[in-house]
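Structure first, then comments.
All chains are identified by letter, namely A, B, C and D, in their written order; residue positions are counted from 1 within each chain.
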Amino acid sequence: MAEDELPSNWARWGDDDQFGTLNLIDAAARVRAAAEVREARHVSLARSVDPVPLTTGLGPVASPAMMPAGVLQMVNFNGAKPLALTDSLVINTHNAALTHLDAVSHMPVDDHIYPGVPVQEAVTPTGVTHGSAEPFTAGILTRGVLLDLAPEGGSLPADRHIGGADLDAALARTGASFSSGDALVLRGGWDVNRPLGQPVPGLDLSAVRWMDEHGVSVYVGDIGDRRPPEFPMPVHQVALARLGLPLVDAAGLDDLAEVCASLGRWTFMLVLAPPRITRTTGLVVNPLAVF
Amino acid sequence: MAEDELPSNWARWGDDDQFGTLNLIDAAARVRAAAEVREARHVSLARSVDPVPLTTGLGPVASPAMMPAGVLQMVNFNGAKPLALTDSLVINTHNAALTHLDAVSHMPVDDHIYPGVPVQEAVTPTGVTHGSAEPFTAGILTRGVLLDLAPEGGSLPADRHIGGADLDAALARTGASFSSGDALVLRGGWDVNRPLGQPVPGLDLSAVRWMDEHGVSVYVGDIGDRRPPEFPMPVHQVALARLGLPLVDAAGLDDLAEVCASLGRWTFMLVLAPPRITRTTGLVVNPLAVF
Amino acid sequence: MAEDELPSNWARWGDDDQFGTLNLIDAAARVRAAAEVREARHVSLARSVDPVPLTTGLGPVASPAMMPAGVLQMVNFNGAKPLALTDSLVINTHNAALTHLDAVSHMPVDDHIYPGVPVQEAVTPTGVTHGSAEPFTAGILTRGVLLDLAPEGGSLPADRHIGGADLDAALARTGASFSSGDALVLRGGWDVNRPLGQPVPGLDLSAVRWMDEHGVSVYVGDIGDRRPPEFPMPVHQVALARLGLPLVDAAGLDDLAEVCASLGRWTFMLVLAPPRITRTTGLVVNPLAVF
Amino acid sequence: MAEDELPSNWARWGDDDQFGTLNLIDAAARVRAAAEVREARHVSLARSVDPVPLTTGLGPVASPAMMPAGVLQMVNFNGAKPLALTDSLVINTHNAALTHLDAVSHMPVDDHIYPGVPVQEAVTPTGVTHGSAEPFTAGILTRGVLLDLAPEGGSLPADRHIGGADLDAALARTGASFSSGDALVLRGGWDVNRPLGQPVPGLDLSAVRWMDEHGVSVYVGDIGDRRPPEFPMPVHQVALARLGLPLVDAAGLDDLAEVCASLGRWTFMLVLAPPRITRTTGLVVNPLAVF
């Protein structure tokens, strides 16, 4: 396929835009989100991560771990009579064990970052100056729609490619509509960190075109690009890099699917509140669905 | 003052309780929170932090920083032809530059952690087994009330002690009521990370008694214990350690105060969604107020 | 045994001494060391350590490791067109995988550091102010004597306790003498990092008395305190803590034993040149024996 | 200048050689080194570095530092009743504050590492597989010769370019000869980490040709490439990258120069014993000169 046939927003919101499809979250999208909140019941869309100990290990007291890990921990010494106990964390943001937001600087296209800034200007050894996760740190709040591709706690076959027609079918099952500015929450029933070296199902280009046409503002998935990958990778190299569509990778959506099924309702207010840290290629995040 | 006259919840919710005053957030509190959401407008209550570069520094290219910093960054090498750009962060959770949630294990009382677990059982070199921030990582959602002690963008005098009467007066100014299970968001107009070695205003024991009597579930403040400290420290050693009241330290509340003043409304839905990481003494957090 | 019967140098070289038994390395010891150097052949007494990757880990590409590890590595990004490749290391100094020097601050006795400085004065959250490894960083150079307790590549039984008589017997086998200020290099044929949870042979108090009486300046061993430990631990809590005798833990001595056997010579110049870093409780080291 | 006129050892010791000019250290060089050792007096050629605190920082207790720093420290928590005190270090190897050894993988030439291995094969996100500092970790021991370009504690002018004739003149001042396999220790009287953004004197290509012709095995300098740089950088891009000549950057040579002047002797045994860690682009080192 010719590069210029891929969907793209590089010329849509200005040469130095850093919000990408977050620009689609307008007052109407917010009002739709507010209308979803009734009992303030909430569900976390993040996987829980146990940190791996980074320091100490005096004697032969180590334990097995997979490294690099998503999160590592140092428990700190605060003097011989501690008034307080503290620890510090190392966060490997893009680790597949960790639910995280990808910023557009995570994925260049021909050495350029959305919407066309040279990598060398955008990313330096001392941090990201264009296309960082900073725009997300004010918080992202919009209406979310869960499309469950593997209902009743199932999981997609490992070699399954998800296309636009699959999204249409899943949306039809919810009885809901999808409006521009809404967030797409997509469940395939996978923990993408688990099957080392094994195939993982993922989206194809027609699914990304669907996202473009439906005005998806944010993507939250427990699946994304398939493994082994195809190129261009539809989710990372087209949706993120060309549409400027922020991705939540490695979400945990089983609890949400259960709640949605029990309520018979597949829409909610989605709240993303990553740590307010500048200059990164992405940030750990704990997305909440509020009903 | 005798220790046994200090307010305490150690015997209130069981010997191994880890939720503390989060137990006060009941269905009614959630309904109150839901009722606050109208336009889904949101405001971040976190300060923004620029990470300090941790690695590289080939030549004499270092820059001045205050160390230890709240957040440090490593930009990673991903092979000679990078398909992706990634970075990793070190988070010094309890650093005063960083808006963060204190877990009850942060502060022992006579070598015991709320509600009476010996430190040696609760905190190990490889993480926290009792009283970690894990209960917060499912997300905390309740109604929040902003009490602004220094209205119109002001700031409290450095030597000011805030008592229960001050909270009553500030609450009266809002015209709102405070119900058990609500979160107290308290603005003094301070950045507690700034004035190195200088006095900072803070709460006295009568303010903590007020929190106990009003059923505060969570405290979010841009002030907390005063400096130089008095002992027992009312916020950390009484509210957190004895009441089991989770604290958000070093919040940034100026934006919120402006929005509240412009709306003439001092109540909102408060959403806390820290990273879903187990075994810590606290977690970085980006609290959102939703109107 | 009464505490006051344990050998001690706390009153020997002054109240704020930081050199401990390094004080025994006099001009005569140096001349003995120089006399050992003939062909400038050298042997490393350090185990080789593969660092564990700390950062990156984009996809599910992690590998199994024991954590905390002795050394972890970050490979750094230096811009899109790298002129140079760099990496950074995390060193967990006292990890048993790593040959390292223990400073006297590593091991308090009743909350005091050799030769009697309170822990709270000596060790702070921002580093060691008394009893750090700094005195070692000028380099340590003296005559070394290898005592091989398990000749011909053997290894001691796991439950073996080594006493002064064992050291006498091993010294007799070498045909050499041991003079005050010499370094004791002791081979038991063990990698103390390996047998997790298994017994490891070690020295008893009579061996430490032997070291005291013979004027050992530095101890380099592939065994040290036995596991499970006895208290007081002879090597760490008596030799290091009371005699102020610097320890090289977790040495690798098989190569040295082979060279000594092939040369029929068990003495050499020992060179310790740890990184010149202040304020630590110990430092990684690569001891060299020079013949 | 044409690339093919630059001195190079890429075809000299085989396609996968990792020792570079260390191959020049033969038995004769070692015997020369041994002959220098008389009293076993030693001098460190490393600068001393104070670690910067990395973790903790509870309250506003930070101190100013230049970041990234050469060494950072974490003091660890080892349980409520510590039997032992430990700390961990982060080492930014190539930081100019730190005396360190450059491995040949540090500096590619046209995306190839000495002696012609593609960068993508040699350096991975999980470490260096060709051209790492591992060959140095067995220890390097040879005869060293100090050439003092700024005698009597002086320092070179900031804009000075050092050529082969300068090395000849300095060698003549010592009265010594330089033989193939010897180490060149070059003093310019500079701390290259200090003058941020200021010019620093350095070697030109004729000095590197001198090193090639004289069979220098290792370079230890308090100066190296000048700043602002010229290209190709003579020391890093020619000596290291093309000759495979290991470099000790940012040495501290004032003490050595004083000792040499007082002894009237400019030759010694040089001992390099970096930590025995594999897969790195370089290692911190504390070179010792032994007389």
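Just so it is clear, contacts are C-beta pairs under 8 Å (C-beta built on N, C-alpha and C of every residue); 3 or more make two chains touch, one makes a residue touch a chain.
Every value quoted in this text rests on a predicted model; they were computed, and no experiment measured them.
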- prompt: So if I superpose chain B on chain C by CA, what angle comes out, to the nearest 5°?
  reply: 180
- request: State the pair with the higher C-beta contact count; candidates are B-D and C-D.
  value: C-D
Task: Starting from the mean Cα coordinates of chain B and chain C, work out the distance between those two points in Å.
output: 45
- line: Between chain B and chain D, the Cα-mean centres are separated in Å by 48
Field: chain C and chain D, separation of their C-alpha mean positions in angstrom
entry: 26
- line: Two or more other chains are touched by the chain B residues 53-56, 58, 63, 75-78, 80, 82, 84-88, 90, 92, 94, 119, 123-125
Message: Thinking of each chain as a vertex joined to the chains it touches, would you call that graph a line, ring, star, complete, or other?
response: complete
- line: chain D residues touching chain B in their complex are 52-70, 72, 76-81, 90, 92, 94-96, 111, 119-120, 123-125, 192-197, 227
Task: Would you tell me which residues of chain B are touching chain A in their complex?
output: 27, 30-31, 33-34, 37-44, 46-51, 53, 56, 63, 71, 73, 75, 82-94, 99, 105-108, 119, 123-128, 134, 137-139, 141-142, 236, 269, 271-282, 284-288, 290
Query: In their complex, what parts of chain C are in touch with chain B?
result: 54-56, 58, 74-78, 80, 82, 84-88
